[in-house]
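Next come two complexes, and both contain subunit A; in the first it sits with subunit B, in the second with subunit C.
Moving on to the complex of A and B:
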């Protein structure tokens, strides 16, 4: 039997499902996830209140980064307003609780809905402009929100913001204590991650990716690109608003500077460094933004230099971010390719 | 012969100008059920502009398009795709970051349920059998889990055509399916096209490869300088002095 006949027989005798990620990769992937969950559950017992705070900040930040990843990494729509939406969520929920005595959970839901509505409205320019132009539109919106928070002090408390924000309770069980609040943010991150995971593997996820890869083709196939663009902005902004409702009770105060443009740029960096278009990307990016600086404290004021060098090297060698590097490893070591594809690649 | 068949698409008096350049000057033709209609003409004669006007990518200055007697003039590409007009583009248009399977599922999904109901459906929308059938028909089985961006040009071309078929369209518009494809892949494209046509699918095909179009097309529309020069069979077109002049300039 000739080599090509062997190859043909091998191809014909193999079903479609035999190709793709190897079993070893599946074990590694799910094993890592289980190890991460166990680590996150036990870690508060080995660190003090300050590190519990830092890890809570990581969880809250990761939720907002997941929103930006959905918009930018999956749907291909860049936004520099993630900080503003976080601010909208934080202020709406805080003011509803403090000024009107609304229950925290109801205030959270209202704040998320407000963020979703404003996010969808901000999505309209994305129907007309792309890339840098869209970035400028969203940047302008971020500045507008910060100016509003700073100047409309009869509602927002002005530059001083709102102080002494209380942490919520669940069925009378107070979340004031740092460990409890950490577990609370962890559960919220798990809910957000499951939501994003579900969406990405659903037909909506494919539509978002199609929107990023080739909107003309997506439209010619009957996909309603207008609705999907608005939806991506609405959900991404909603997640930022959700994150905002958690950051307020975490740091126990809100003020406009927390949500200025620098914050939005930080989210952009998180998504780029973590890996845009990867589910794990925002979690990794938020780790680099919130936890790594704590480890680099020994470097005092030089920490930013270390951090910048690290980011530049990362983007130079792994332009798809850390999660993208993981994908390269998967493709190189854990991918089963059909004999025919291997033959074509070798050729 | 084709006059007795059901008319699926009627294109009437399409005009389209870009500034002072008149790309289409009153183009009219029909497409009949189950035929392969070839559309040929020298470079820059307005073939792709015509397809774009019919399929909503461009807005025609005047003229009408009817699908099964229903006026669909001026509708958006997504609406026309749902109405039953599938297409491929002159330049390859696959979703690079998605696998072959995902590309085909994406091509099918707009025709299942509503945008909101799709969020709560199973990820493959119950379309996996259709996907596997098309993958098999186009001999793409060994590439099903590969990213489309990593395929060769010819393989992407096959995938591109396959995507145009996923919604079971009433007519598929192919813009230069043989363009840039090597000889063995060209034979593949041709046989897939003829098999699908044999199974009852209707095609309108723009092509520069004359040998290819003369072999597959039942009728051919020849366009020159934005106008229909003639409509006829391959033999009629091949021997028409006006066509020869349009191509050779003498």
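Moving on to the complex of A and C:
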């Protein structure tokens, strides 16, 4: 194996499976998860409506980033239409509710299914070909969706979009109030996280591990790489649609600019910063995109530039992203002891 | 018919500019597997710099272009390769894709801060007159653009096929390992392609900015058009990117007039998706063989 291939495997081998973790590492990992959950549950008692809004935005953003992470972290393909799929989710659900009086929850499910179907239709041609064709096709697709939203004003409200979107209620319990809506988005994030966690542990997720370790071998063993990648893309798009159905009632309006290409590029940066292929990656990435700018208000319009420069430096020096630091720490401080892992490391 | 031929000429003229940008894109891809997602921003930035030079030195557009060119060769050619591309090449194409996307965002947001969010007017290289030629009307600006682009394209083709350095560059693009065995200084050739690309985008900026106006968000559209031209034509071949550029320009102009101007950029995207569906190596590209 050449040196470059070695390096490439080093980058792509961001393994999620935790075989050979020491007990101490397990405690640290689960402990910090519990701490995070407790923090997220109690925080509304200490901050005002505005920060609750910011945290809701963080949760909604993280869901979409989780979708992209499935794609980039496991299938190793770049999608540049995460914004467009959020737009599809947001517009489809909003218009169903406003124009046809469909129940919010039904509209949400329809919007997610539409996103998945469109995702599969877009991914199919692009993924038949090796290389970064998906990136190009999704780039074009994002542009198409925004053009559609801008031009078809009899349906979408044109450049002005749709205003005064109502927040839903659940069993007659209104989610209008910020704290309630915050908890609602938190529950949605938990559902999305569990879904992603389950998928990675399922045979489907293991197939991806095999794919990443050695695509040629995986294929020779009968893994249909294209259909697995397509599935990752379709589900990733579905999660973006899901996130879109939440962002519309959260910000209470939709307009085409919310879903333009720049948004999709931001999602890409989020996944890279958080660490692609790590469950915690999208949560960290969304924190960098939505919460940190609130603390760095002085940076204002420069923030995105700093973010981009940060990503470039990160890729240059730490190709595994922020969550990759965790892995580094684990390697350094929590020695892996199982002989199987030792063998794998020597291989 | 008169309108059709006028649109066709305008389409060929803008297509020629897309071709210049797409050829640079294809060259980078061939020699270093760099998919430059910042290619559109590489065209947007020199447009602004030419404007700044014009107002700072109080000179015309051509002298301003001549001052801008070496700056761009250094920044988008030499520095881009040395600082961003070279350190990332060993890690495969994925980190490089992300890095150029990061660069694109940086340039775009930077331009917005430096030159503002409004579109600035940009002077034509020649005055914009309409000439009639046996019933066909064409604008002088379009014809000049077309002329300049064709001269550059022919010059580039001659250089790549007839000169020693050009052929070495082609050899590097086709197969770097064999080129190295043949004693070609591959690194130098790769650097040349980066310099060529920087030159091409600067010329592209000079020719396209009059019709696009100088705006920070131009890179999005232009980059997309350049990718599409390269992929539609087949981006492992310089001539593929060339023909792709013309094709995209024509389709965009005709579609905008006859079908819907709101969907101007949608027509090339549909073409792109069709090409990827039915002929993924591009209309004029060659199939790449898979290596294990």
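Following the convention adopted for this analysis, the second predicted complex is superposed on the first by the 284 of 347 C-alpha atoms of A that agree within 3 Å, B and C clash if a C-alpha of one lies under 4 Å from a C-alpha of the other, contacts with A are read in each partner's own complex, and residues count from 1 in each chain.
Here is the rule we go by: a contact is a pair of C-beta atoms (placed from the backbone, for glycine too) under 8 Å apart; a residue touches a chain by one contact, two chains touch by 3 or more.
Just so we're clear, the structure is a prediction, and the values are computed from it rather than from any experiment.
In the superposition on chain A, A:265 contacts subunit C only, with no contact to subunit B. Of the two partner chains placed around the shared chain by superposition, subunit B and subunit C are both touched by A:216.
Of the two partner chains placed by superposition, A:292 touches none, neither subunit B nor subunit C. When subunit A is checked against subunit B and against subunit C, the one touching more of its residues turns out to be C. Of the two partner chains placed by superposition, only subunit C is touched by A:316; subunit B is not.
After overlaying the two complexes on the shared chain, residue contacts for A:125 are found with subunit C alone; subunit B is out of touch. Of the two partner chains placed by the overlay, only subunit C lies in contact with A:304; subunit B stays clear of it.
Shared contact residues of subunit A with subunit B and subunit C: 11, 216. Interface of subunit B with subunit A (complex): residues 55, 57, 76-78, 81-82, 87, 89, 93-98, 101-102, 105-107, 109-112, 115, 118-119, 121, 123, 125, 132, 135, 141-146, 152, 163, 166-167. For subunit A in complex with subunit B, the touching residues are 11, 14, 16, 19-20, 199, 201-204, 206-207, 209-210, 212-214, 216-225, 227-228, 277, 337-341, 344. Listing the residues of subunit C that touch subunit A in their complex gives 35, 37, 84, 87-95, 97-99, 101-106, 108-110, 112-113, 220, 224, 227-228, 231, 260, 262-263, 265-266, 269, 272-273, 276-277, 280, 290, 292.
Residues of subunit A that touch subunit C in their complex: 3-4, 7-8, 11-12, 76, 78, 125-126, 128-130, 132-133, 135-137, 139-141, 143-144, 147, 150-151, 216, 261-262, 265-266, 268-269, 272, 301-302, 304-305, 307-309, 311-312, 315-316, 319.
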